[in-house]
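Multiple structures follow.
Paired with chain B in one complex and with chain C in the other, chain A is shared by the two complexes that follow.
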Partner chain A sequence: MPRIRPTRSVVACTLATAMASAFAQAPTPTEAELARKLDQLAAELAAVKAQLAALQQQRAAQAQAPAASAPAATAAVPAATEPETPTAPATVFSGYAELNYNRPTKQTENTQADLRRFVLGLSHRFSPTTKMVGELEVEHGVSSASDPGEVALEQAYIEHQLGRTWGVRGGLFLIPIGLLNESHEPTAYYGVERNFVETAIIPTTWREGGVQLIGQYGNGITLQTGLSTGFDLSKWDATSTEGQESPLGSIHQEMALAKAHDLSVFGALNWRGIPGLLLGGGVFAGNATQGQTPTSSRVTLWDAHARWTPGRWDLSALYTRGTISNTAALNAPLVGNPSLIPSAFDGYYVQGAYKVWMQQDYALAPFVRWERFNTGKSYADLGPGLTPSPLPTETVWTAGANFQVTPGVVVKADYQWFSVNKDANRFNLGLGWAF
Partner chain B sequence: MSRGRARALVCGAVLAFALAGCGGSTSPDDATADTPLSDQAALGELIFKDESLSASGRQACASCHVQSNGHSPDNALPAQLGGPLMDRQGGRSAPSARYLAFNTDFFFDGEGTPTGGFFWDGRAASLQRQAHEPFLNPAEMANADAADVVAKLARAPYAAEFKRLYGADILTRPSDAFERIALALQRYQLEDAEFRTFSSKYDAFLRGQVQLSAQEQRGMALFNSPSKGNCAGCHPSAKGADGSHPLFTDFTYDNLGVPRNMELAQNADPAFYDLGLCARPAGDLSARSDLCGAFKVPSLRNVGLRKVLFHNGFFKSLKSALTFYVQRDTNPEKWYPLKSDGSVDKFNDLPEAYQANVNTTEAPYNRQLGDVPALSDAEIDDVIAFLQTLTDGFTP
Partner chain C sequence: MPRIDSATGVVVTLTTAVALAPTAAFAVDYMSADEAAKLMFPQADRFEVRTLTLDAAQLQQLQAAGVAPRSARWQVRVAQRDGTTLGYVVVDDVIGKFELISYAVGIGSDGAIRQVEVLSYRESHGHEIRLPAWRKQFVGKDASAPLRVGDDIANISGATLSCSHVTEGVRRIVAVIDLARHLGTLT
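Then we have the complex of A and B:
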C-alpha cells in the first residue's frame, strides 16, 4: 500500500476538521452562504494543495540530496520518511564526502590533511513499498594492506512499508541513538569534525545487523525498535588506548563476521509535532560477551536529545550514558594493563548556531558548541592497587562556522579548545558535500 | 619407553622443537579433546620416544622434551649433551616443545618485525622442517645422514607399521622415509593434547573456575603494567577475541643483552658470539646486522618448570632472571664481568658493533645506572607467583 506521509495526514485531518467546523458553525445556511463557503473552501483547498506540492518538491530535493538541506530541516525529516515522488527513478545514486585539515596549534608537527571519507550511496525501489538502501565508504583516501584506509559498508538493508504507519527494515542499518548517527553527512552538522560525545560515547557511524520496525504517526511521533547484533567485549584490547578513546567504538562489530551469540534490543522515540522542534531519545541494550567468558556482561547505551530551529537559530542538546555490567570479572585477567573496561561512560553537549548571512544559495552560520565527555567515568572495584582511577572528564569548546556554498556543499572552519588534553587544541578546516 | 639414562645425559639444545611459544592461540576445548591419535600420529609418538634412532642409542626427542616437565629438559644444564658418546654440548638451551602447534613460519610483519619460525632463530618453517635437524646434529642424535636414521628405524619394532603407512618400499628410499619420519613427528605433536593442555591455574582462572591469590593478582598486574614489568608487551596475557587462551608470546624476537654464559663450551673461544637471528645457517639474514643478538620470545607457559632460562641458559631461576630484567641497567655490575680497567663489560655476549641492538627503550630496560629498578624485590616475588600459575596440570 502506498505510504501516506504524516504531513499529508495532517493536511487531510486539518481540512476535514475545518470542513466539519464550518458546517457545524452554520446550522441553517442559505444556498448563497453555502455556495460562498464552498468557494472559500475550494480556494483554501487549492492553496493547501499548492503548499503540499511545494512541500513534496522540497522533500524530493532532500531525498536526492539528503544533506543539502540545513541541519534544522534535516533534523525534522525522519529517516524513514523519504518521499515517493511519482516521477522519481527507481534506482538512485547518492553520496557524501569529507576532506579535513587538522592543525594542533601546540603540536603543529601533528598537522594532518585527510580525505576522511568518501561515501557512495545506492538505493533502489523495487516497488512503491519496498526499497534497498546501501552505502559504501572509503576512509582515508587509500585502502590497502600498507595504507591506513579502510573500506566499509555503512548501510545495506531492505525497507518494506507495512501500512500507513509502520515499516520494517532488515539488514545492516544505523542504530537510532543520538542526533548524528542516522544523519551524519557533513552538511548535516556543525563543525569540521563530528562532535566528541557522538563519536566517543555514541560510536557514530554505528550500525548493526538485524530487524527494525519504524512507526511514523501523524502527530509527529516516530517510533523505532528492533533486534540486532551487538557489541563484542572479547575484542577489548586492554593493552591499547583504543578503548579509552571510544569504549563502544573499540568493540563494535559492524557485521564483519559479527559474533551473534548474544543479540541486542533497541528502541527510539522522536517527536516532531511542532515545526522546528525535535525531542527524542533512544536506548540500546544487550549482552556483549558473546559466549566467550564464563560470566555474561550487558552493554547499555541511552540518550536524550533536543533540537530547536526557530528562524535562523539552530539549537541542540544531547546527553548520553553507557554502562557495562560485570566488569570486575571481565577486568580480573586484565589488571595492570593501560585500558580496563569501564563500568560507565557518558557525555553531553549543547550547541547553538545562527545563520547570520544568506544570499542566493550562500549561507553563513557561525556556531559554538560546549561538550563534556568521559570514556572511563567509573570502574568496578578490583581491590586496592588494582582498581583503575576514573578518567578525567574532558571539556571541549568548539567555535567556528559552516559556510554553505550551495545546498549540498559546505566549507567549514573552527577551533577547538580542550581542558584536559590541552596539547590537542587545534584549528580545523573542512570541505564536505552530500547529494 | 624408558628415558632414564638418556634423560640424565640429555640431548642437545636444538633438538628442541623450536623455541617456545609460537603463533596464535587456541581454544582450550581443542586442547582437552580426548580424541585418539591417528595412525600417523601414533607412529610419531613411537619415533618421538625412540632412543635407538640416535648414534648413542641413548637419546630420543623425549630425552630433552620431558613430558613430565612441560616437554622441556628436567635438568639445569645450559645446553643439553648429545653426540655418539653423549658428551658433546649443544650451543643453546632446549626450549619447551609445548604449544608449538600454533606457531607459524618465519616472516616480517607489516612493520618489519621478525615474527614466527621454529628454533631460537626461527630458521625452520614448521614442526616437520624442524624435526629433521636433531637427528643429524652432531651434538644431538648425531646420525651421519638420512639413510643412517632410516637404517636405524628399519630395525625398530614399529618398522612394519611405518611401511604399512608409507608403502612397502619406503625404507628403500631414505630421503622419502626421512621426510615421513619428520611428518609423523609433526602429526604427533599436533594431535596429542598433551602438547597443549591449557590446564594451568591461569587457564582455570580465565574459565572462571578459580580465583588467583592476592599475591598472584598483584603479580599479574605488575606483569601487565607497561610502566612496571611490561612483560605482557612481548608475552601477551589476555584472551584472544575468539576466546582463545593466551600463549604468552607475541612470536617476535628481542635482544636483551643476556650475559655471556661461560658454562657453554663454545664460549671458551673469545672470538665466538652466538648472534642469533642474523647468523642463521642459511645466511638469509646475514645482511641484517640490526638483528644480531635477537632471539625468539618464548612462551612463558610452564616457565615455572624451567631449570634454565634464555637461549644460552645463563639464568637458572626465575628470581635471578627477573632481577636481571629490572636491574640490568640500574645495576649492571651484578650481571656482567669487569673489564681490565674496572668498568663493567655490559652486554658482553655481543661484539661491540652490535651492542646498540640491545633493547634499552622499553620498560623495564629503560632505566639508567643508579635508577630505582622497575620492580622491587617483593614485586619480583609477586610476578613469580603469577608465573607459577602458568604451569600445566592444575587441578581446581
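Then we have the complex of A and C:
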C-alpha cells in the first residue's frame, strides 16, 4: 500500500494543481465542494508523507547494527520485507589433522609419535551451481628427500549441479566405497587409527580421476556412478610386503601420471530414508594391466555397509571383498618372491559406540570394534609347490573412547589386540580436528 | 513403488536437466520463506513480520540456558487468523560444512515446533536433512527438549555437520521464541 500511495499522491498533486488553476479562471457553484475535495487530497498527501517518513526511519534503524543495548521491544513492521539473501564467502578454507602416538606393548622399542596428516581444504564457488573442491595433504610432518613425509592432493574436482536431483563431478575425487573413504576426518570415526578393513582392503583415502554423476532423491537414496582411472598392476612389488598389507593400496595411482589405458567404472547406492539409518553398498571394477602385459587382469572391489545411530548409539557393520582376475599369468614370473598377487582378499567389521557422557560441548563415547580381514585370501593356481598358501585371517579387537573437546576437536585413546600378529598389540593415543 | 518412481524421476530429471540446463539457476533453492510460512500455517489469513530485539540481559539469559544467541535481532513472521496468533515462523541460515543452509522453523502459539523446512541447501553431501523423516523428529518438541544430535535427534551418517548445525539453529530459535512468548513481546 505505501508503495502505491506516492503514485497516487503525484496524481493528486497534478489534479489539485489543474483544478486550482481552473478555479482561478472560472469559479463555479461547486467551488465549495471542490475545495473540500482538495482538502481531502491534501490530507491524504500528508498521510502518505507521514507513512513514507516512518518507512524511511524504519529502514535506517534496520541499517544500523543493533547493539545489545537496544531496547527490549518489538516493532510492528507494516510491510513484509523479504529476508536478505544469505551471503556466504565464495572461497572457503577447511582442514583436518591427526597426531598419533602408537606404543606396541610387546615391542615398546617400536613406539612412534607421528603427525599422521595435516590437510588443508579449499573450496571455491564460481556460481550458485558450480564449485571447486580441493584438499592438499602433508603426511608425517616433513616431506623432503631425506624424510618419510609425503605431499599429496586428496581431492581436486569441479562439481556442477544439473538440477535438484543430479550433479556431476569432474577431476580427482574420492571413490564412494565403504563408510570411511568419503568421510575420513578424525572426528568422523572411532579409534585413533582408521579401521583395518577400510585401509587394507578398501585403500582409504582412495581417489581416482574421472567423471562422476550424483543423484540425490527425495526418498533418501543417493546414487553415484562414474568412469575413472583405476589400478596399475605393473606397480606390484613382489619383493616387498606392501602388497600383503594392502593389495590395492600398493597399486593405486592417485592420478600421479596415472596409466590410463584402461578405465574403471563404479557405482554406489546409499539409502538414508530413516533418520539415523544408512544402508548401502558400492562396486568398482576395471582392467588394471593398463596395456602393459599381453593378458589383461580385472580388479573388482565391492562392499555392503550399514550404520545405525539411534539416540546415543552408533552401530556399524561392513563387508568388503576384492578380486583380481588372471593373476596366474602375472604371478608366474614372480614365483620365489615374498608377495605374489592375490586373487581374492576380504574383510568385515562390526562396531558399537555409545555416548555415555555429554556436558555442553564435551562428549565421551567409548567404543568396541571387532574386525577380520585377509589381504591374501586366495591365490590363483600355479601348480603344486608354486601356488602360495592363503594368508591367515587376522582378527583385531579395538576398545577405547573418543572424547569430543568441542565439535571438531577430538582426543582418542584405545588398545588393539591382534590374534595373528600378537606382537603388534598396541596402545594408541590421538589428537584430531576437522573444520 | 519408490524404485519405480525414482527410475521415472531419473528419466524425467535428466531430460529436464538437459532441456533446461542453461536457464536452471539456483537449483538448490527449494522454497521461499513466504511459501514455507504458508505451508506451516495454511489456516493463517495474515503473516505479520515483526522484528524482535533482545537486550543484553535476555541474551545472557539464553546463554545461561545453553543456547548461543548469535544475534540480538530476529525477524519473526507471526501467523494470525482473525487477529488471533496461531504461531511463529523464523527463517535462519547456518553453515553446514562449508555452505549456508537456509531453513525455516514454524512454532505454534504453545511454543512447540510445528514444522522445520529446508529452503536452500548448497552442500555436496548431506542433502538428506531435507527428508521429511529427519525433519519430523523436531515436530512437537519445545524449549524443554534437549534438541541435540545424538540425543533426541538422530544423526544422518555422512551429514553430521549439517545435522548438528541445523539442530543447533532450531534449538536457538525455539529458545528465542520461548523467551519472547514469556515476555509477551510477540503478542
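Criterion: the second predicted complex is superposed on the first by the 349 of 435 C-alpha atoms of A that agree within 3 Å, B and C clash if a C-alpha of one lies under 4 Å from a C-alpha of the other, contacts with A are read in each partner's own complex, and residues count from 1 in each chain.
Quick note on the criterion: a contact is a pair of C-beta atoms (placed from the backbone, for glycine too) under 8 Å apart; a residue touches a chain by one contact, two chains touch by 3 or more.
In this text the structure is predicted, and so the values were computed from the model without any measurement.
By the touch criterion defined above, A:Arg312 reaches chain C but does not reach chain B.
After overlaying the two complexes on the shared chain, residue contacts for A:Ser94 are found with chain C alone; chain B is out of touch. In the superposition on chain A, contact is made by A:Gly385 with chain B only, not with chain C. Within the superposed three-chain model, A:Pro407 lies in touch with chain C and out of touch with chain B [touch as defined at top]. By the document's definition of touching, of the two partners only chain C reaches A:Leu179; chain B does not. Touch criterion met: A:Lys235 reaches chain B, while chain C stays clear of it.
Which of chain B and chain C touches more residues of chain A is settled by the count: it is C.
Of the two partner chains placed around the shared chain by superposition, neither chain B nor chain C is touched by A:Thr395. According to the touch criterion, chain A has no shared surface contacted by chain B in one complex and chain C in the other.
Taken together, the chain B residues at the contact with chain A in this complex read 110, 205-209, 212, 214, 217-218, 220-226, 228-229, 232-233, 236-243.
Chain C contributes residues 2, 5-6, 9-10, 13-14, 16-17, 20-21, 24-28, 30, 33-34, 47-59, 66, 72-73, 75, 77, 91, 93, 95, 97-100, 102, 120, 122, 124-125, 127-128, 130-131, 133-134, 136-137, 148, 150-160, 164, 180, 183, 185-186 to its touches with chain A in the complex. Of all residues in chain A, only 145-146, 232, 234-235, 237-239, 291-295, 329, 332-338, 383, 385-386 touch chain B in the complex they form. Of all residues in chain A, only 62, 66-77, 79-83, 86, 88, 92, 94, 123, 125, 127-129, 131, 133, 159, 161-167, 179, 182-183, 188, 214-222, 270, 272-276, 278, 307, 309-312, 314, 355, 358, 360, 363, 407 touch chain C in the complex they form.
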